[in-house]
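All remarks here apply to the structure that follows.
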Amino acid sequence: MTIVPSIKRDYLAKLAKNGKREDGRAFDEFRNIEIETGVVSKAEGSARVKIGNTQVLTGIKMGIGEPYPDTPETGVMTTAAELIPLASPDFEAGPPRENAIELARVVDRGIRESQLIEVEKLCIEPEEKVWLVFIDIHILDYDGNLFDAASLASLAALMTTKVPAKRFELGEDYPLPIKEPPISCTSVKFNDVVVMDPSLDEEEIAEVRLTVATDKNEDIRAMQKGLNGSFTRDEIKKVIKASIDNGKKIREQLYKSTGK
Amino acid sequence: MTIVPSIKRDYLAKLAKNGKREDGRAFDEFRNIEIETGVVSKAEGSARVKIGNTQVLTGIKMGIGEPYPDTPETGVMTTAAELIPLASPDFEAGPPRENAIELARVVDRGIRESQLIEVEKLCIEPEEKVWLVFIDIHILDYDGNLFDAASLASLAALMTTKVPAKRFELGEDYPLPIKEPPISCTSVKFNDVVVMDPSLDEEEIAEVRLTVATDKNEDIRAMQKGLNGSFTRDEIKKVIKASIDNGKKIREQLYKSTGK
Amino acid sequence: MTIVPSIKRDYLAKLAKNGKREDGRAFDEFRNIEIETGVVSKAEGSARVKIGNTQVLTGIKMGIGEPYPDTPETGVMTTAAELIPLASPDFEAGPPRENAIELARVVDRGIRESQLIEVEKLCIEPEEKVWLVFIDIHILDYDGNLFDAASLASLAALMTTKVPAKRFELGEDYPLPIKEPPISCTSVKFNDVVVMDPSLDEEEIAEVRLTVATDKNEDIRAMQKGLNGSFTRDEIKKVIKASIDNGKKIREQLYKSTGK
Amino acid sequence: MKSEIKLFENGKRLDGRMPDELRNIKIKAGVLHRAEGSCYLEWGGNKVMVAVYGPREAIPRHTQNPLRAIVTARYNMAAFSVEDRKRPGPDRRSREISKVISEALESVILVEKFPRATIDVNIEVLDAEAGTRCAGLTAAAVALVDAGIPMKDIPVACAAGKINDQIVLDLGKDEDNYGSADLPIAISPRTGEILLLQMDGHLTQEEFDKAFDFALKGCHIISDLQKKAILEKYQSEAGGI
Amino acid sequence: MKSEIKLFENGKRLDGRMPDELRNIKIKAGVLHRAEGSCYLEWGGNKVMVAVYGPREAIPRHTQNPLRAIVTARYNMAAFSVEDRKRPGPDRRSREISKVISEALESVILVEKFPRATIDVNIEVLDAEAGTRCAGLTAAAVALVDAGIPMKDIPVACAAGKINDQIVLDLGKDEDNYGSADLPIAISPRTGEILLLQMDGHLTQEEFDKAFDFALKGCHIISDLQKKAILEKYQSEAGGI
Amino acid sequence: MKSEIKLFENGKRLDGRMPDELRNIKIKAGVLHRAEGSCYLEWGGNKVMVAVYGPREAIPRHTQNPLRAIVTARYNMAAFSVEDRKRPGPDRRSREISKVISEALESVILVEKFPRATIDVNIEVLDAEAGTRCAGLTAAAVALVDAGIPMKDIPVACAAGKINDQIVLDLGKDEDNYGSADLPIAISPRTGEILLLQMDGHLTQEEFDKAFDFALKGCHIISDLQKKAILEKYQSEAGGI
């Protein structure tokens, strides 16, 4: 429970009044993004994403297991996130806390509700055997905006995942069947200014946060408001617009990085 | 670990010396009891019981599972109690503590040892499939004497439970097979006075507690002494007698409320 | 996290300078060892070992379960140690801490890597049913050198274990198939003195610990260095030598006690 | 979410509701003896009980904020509140819901008045049938008023969604299972500020706007029910004198 | 509890005991080096080891009672003490037993003498065969005396029960499994006060009285064995000088 | 460990290495932004990331040592670092490895300089292929230097083992699975003091000596790589000015 650092707030607010951010970005501008895939040989798919200094690694493991009784012919996906103490002096070891749970659930819903993975193609034997997809998100370096970095790393990892059919004596490996990825963009508000892709400093003084995932048709695929502040309806509209715009560019980079 | 509130003790002890209780009841008198069944639509059976301001809700869920290897032809019952923080400023969230465990186990034994549920009629396929009965006790408002309220709510819920055969494609729903219910009555002692159905104030100064469950033949079906005081043998005899007397009245009300 | 008791350290260091130990032993001498087997009737095998005042009881339970997929024809062994609060004012209740885990793992590896139990003879039905061997180590009285006491108690218990075939309707009981036991000997160093079989006082001031398990051919079967000090290579050689010498005597006593 | 199932026909929904119609809602304030504030709410098939305790000293002390109170909502589903029995205790879903409700309530509670304190909002879902987070937050707001906790406004929550390409207010059970989008929001009805906002599924920007309008409308209707329940409580107390 | 099995025939029980006969009991005080007080007890097939530590400062501090010591009995069954291996660690049964034993011991220990302290009573069941809670409490009492903890009296426990409609003392293994009632009690033998009392099964009021008489009788016999064990410990210490 | 499989033929190992040859090792210091010191290391198929935080006040306070810092290494395997997904969180193996690495690092860190402090060494195994504890400790040492933690020496770890009766340096994956002994050590390269030593399997005294010699040789080679990585970090920083 940290006290909001008022000096930092005053400094960033003053900058913002003059239309500026600490690192020189425009309000609706992302930091530099790097996407690298195939970084873990043991994983069926993996990607390391950097957004500025924030660094997230997602690894995909697949296995075989039973389907849920109510969906006997679809594969099962699970998303877990660990805010491991490697990534920040403030992260603690132990079972995931609220922040890690929210992170994992928001990434999970982004993938699940957009039906990114074609789980209906992951059935091996109805009611008996389906493919399991484990999405494990490792935060390596935390400098703000984990939601987007975690989401993007997970997309890139899934888009380059090979189903390990050979290891389970089910024929040749083949790419995980995937649909169009929804791109997640996060904004925060402080002192009546809304900025995209918050840095750590900006997150620490943020009053309210909004994550919007949009697809290539500019449709909305997921939203999540966070923190104990509030948005006006007008602000939400602007955030959606900026998310669509940034989403386009990020989608292009994602396609390029994953060879699609 | 609270310090015994000595002013309250002195006050209640003085009253007791004159044969009185804070709320005007006789020493061996229960508070007003209300029993309402069928309060949760998702549950196979449910009942809300009020004893004075104490309020307990028990819900029964049923499912299908494997029997224990040593009783391959009998259903399985499980009792859990949660002292959820809703009910008292002193209850904490988290896994059940000693008090909740004792409560659940005493209610469980009261039902199990009296063979209230005819578990031998809950076999679907020997060694393979039997009915599972989950008794979940929710304390809503804690104003003393949880044992009797929890026990009574569980009896009323079980006596109005329908086996959900239809949902599992096993024919029509039918009432859970039930025998005679044993009624649990709890007394506490302070300053050499024994009172039935303690209020919260009386519980807080109580030195020792005794719960006695009796059946309609006036036989004893379960007992549990609690707290770090002691009873004389004579006191125990009197408590048994008072428990039988109160048990009769409560049994009548229970039958009426459950339509038996 | 206790502060090293400097007075005790000074006293024991002064003694050591004169070639002496608190209890009169030579540097490379064990305390008196007692081994008693068959002490728990419910266990398939059991032994109580005393090394000086240190007292450890190991019980062996056996059951039937599935083999690991990668070793479908071999039995499964599991080792657990509990530093129960019975044994020391410093042990706490709760899940095993680092010290208990290291203890269990070192004993486990000593048994597993030496292939003491002939697990390949514990297959009942390949891929389906194998014997499970549970080694449970109970520390009863902690006065130093748990590693050797726990290891010795576990060896003695395993060497007198009967496979409970009859209880599972698999024919007559028979002795657990066992090979040659490796004997574990532990030394510690303080103030440049290395002593074998440390007492509690010696452990409390120890800078570094080395456990060496050797077999009857004087081969090394397991080693574990502990604590935040260091050994020179020369010291390690001497410890190995002393472990072989003590191991011989202890092995003889173990054979005698288990009737082998 | 799949959309194969017919959820909307002849301008009506499976349960006969119009697109912009709420399920039945009953709210009762002050229903528990021990709690400092409480509320019982029925919303369609949902039954929710809320108890508020505090402000009181936050324990352990390292959880205290020296400048303001912390608000700890604890959303819990009773084991028997769902079709297949739920294991007791918090799961990831309930912990996320607890977090977003806590944050929404903190937006309106005057937390600066109670440094180092905690305000505990215990939300028990006794019967569950789509929309429990909105039901829980709405009931929590009433219980906070009943407890006398000072707030800028009485927050209120409601969801809208999409079924068979039709935007509808307040998804019911089948609509929640087979619909194609769900948009729960919570607002401060006086200012229109958005305190909680989540969206799952698939909405065009136009659909989002319409769904948002529906949800806002629902919030305002329910806000009136909240105020009525609070009034009834005060009147019954006054009448009791 | 079922009663179909023949547990009583020709006035005798399966193991040859008379109805009011105890199993063999052996008690030894002061058997551990580190513990401040200890006791090893064999009772029929039961083997129990108890170690007492304290009074010492209760930690963490919020568990302290400023007016008296807290007594924390910890009843634990070794994984190998039962037919099918038990998972290590406390389960609901052992936690309930720990609670009722703690309460019974607190009745007689002069806890007011040690404010803020804890007295820890560690009960390890090494071999289990019906009646472990009575065995554990009885051994704990001896260990407390061995530790020099001041008590009003030395508590003692014993059970009676019903098999084939016959009241018997101190149920053995099959009697516990197939009998129809079990009544464990603990008393202060000097005053007859009842410190622990549980009953499961089915007893008429007359049967209850008879079972209670049996259990009381058992308590007094075992009380003598406790005192003998304590005396032996002192004598051996005296003899050692 | 079984030895039936042919792991050594014609003087060479399955992967073509000579008996005393290490796998490829790459070390990079200062790779993370938030950490006070960090290191990324690849060793054969292993990939390890280490971050160091501290010295900072140990919390909760009862974990503090008033005379010196405590060193808390936390070895963790990522769920995706192994063939079959590993459940997240510490297991018994990782807790033991964390313990022996913590102890080895404490031997060389000048812990007396930082009473009441903790130095946290977070070791994440991202890709695992035999020898992760040596890789983790070796990377941790570099990260500690990068964090400016004062040490008597830069510790380094390496293992030797036995395959098909042949002593070899730095066991690879199949060698680890089917070999007959593994001897990981960590040393202070300046003094030759042994900071970590474990052995599993079966070695004659002569074999032990030879394996030890091999492991020592490996340590010294890797020590040079560590120093090179540290130098590169400083040079790149200097170059950046």
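Which chain is which? They are A, B, C, D, E and F, in the order written, and residues in each are numbered from 1.
One rule holds for everything that comes next: a contact is a pair of C-beta atoms (placed from the backbone, for glycine too) under 8 Å apart; a residue touches a chain by one contact, two chains touch by 3 or more.
Here the structure is a predicted model, which means the values were calculated and not measured.
Participant: Hopping along touching chains only, can you work out the least number of steps from chain E to chain F?
Facilitator: 2
Participant: Which chains sit in contact with both members of the pair chain D and chain E?
Facilitator: Chains touching both chain D and chain E: B.
Participant: What is the chain whose Cα centre is as far as it gets from that of chain E?
Facilitator: Looking at centroid distances, A is the chain farthest away.
Participant: Report the chain whose mean Cα position is at the greatest distance from that of chain D.
Facilitator: Using the mean of the C-alpha atoms as each chain's centre, the farthest one from chain D is C.
Participant: Where the CA atoms of chain A average out and where those of chain D average out, how many Å apart are those spots?
Facilitator: Chain A and chain D have C-alpha centres separated by 27 Å.
Participant: Go ahead and note the Å separation of the Cα centroids belonging to chain A and chain F.
Facilitator: 32
Participant: Just give me the whole-number Å value for how far the CA centre of chain C lies from that of chain D.
Facilitator: Chain centroid spacing, chain C to chain D, equals 58 Å.
Participant: For chain B, write out the residues touching at least two other chains, lowest number first.
Facilitator: In chain B, no residue touches at least two other chains, as defined above.
Participant: Could you draw the chains as nodes, link the ones that touch, and say if you get a line, ring, star, complete or other?
Facilitator: Contact pattern: a closed ring, each chain touching exactly two others.
Participant: Let me make sure I follow the ring: beginning at chain A and going to chain F first, which chains come in turn?
Facilitator: Cycle of chains, anchored at chain A and oriented toward chain F: A, F, C, E, B, D.
Participant: What residues on chain E touch chain C, complex-wise?
Facilitator: 32-35, 45, 47, 49-51, 53, 56, 74, 76, 78-85, 88-90, 120, 122, 124, 126-129
Participant: Provide the residue numbers of chain E that touch chain B in the complex, in ascending order.
Facilitator: Counting only chain E, the residues touching chain B are 1, 62-67, 70-71, 92-93, 95-96, 98-100, 102-104, 106-107, 183, 188, 192-205, 208, 212.
Participant: Name, in rising order, each residue of chain A that touches chain F in their complex.
Facilitator: My answer: residues 39-43, 46, 53, 55, 57, 59-61, 63, 80, 82, 84-89, 93, 95, 134, 136, 138, 140-143.
Participant: Sort out for me which residues of chain C touch chain F in the complex.
Facilitator: Its residues touching chain F are 1, 3, 98, 101-102, 104-105, 109, 113-114, 210, 217-233, 236, 240.
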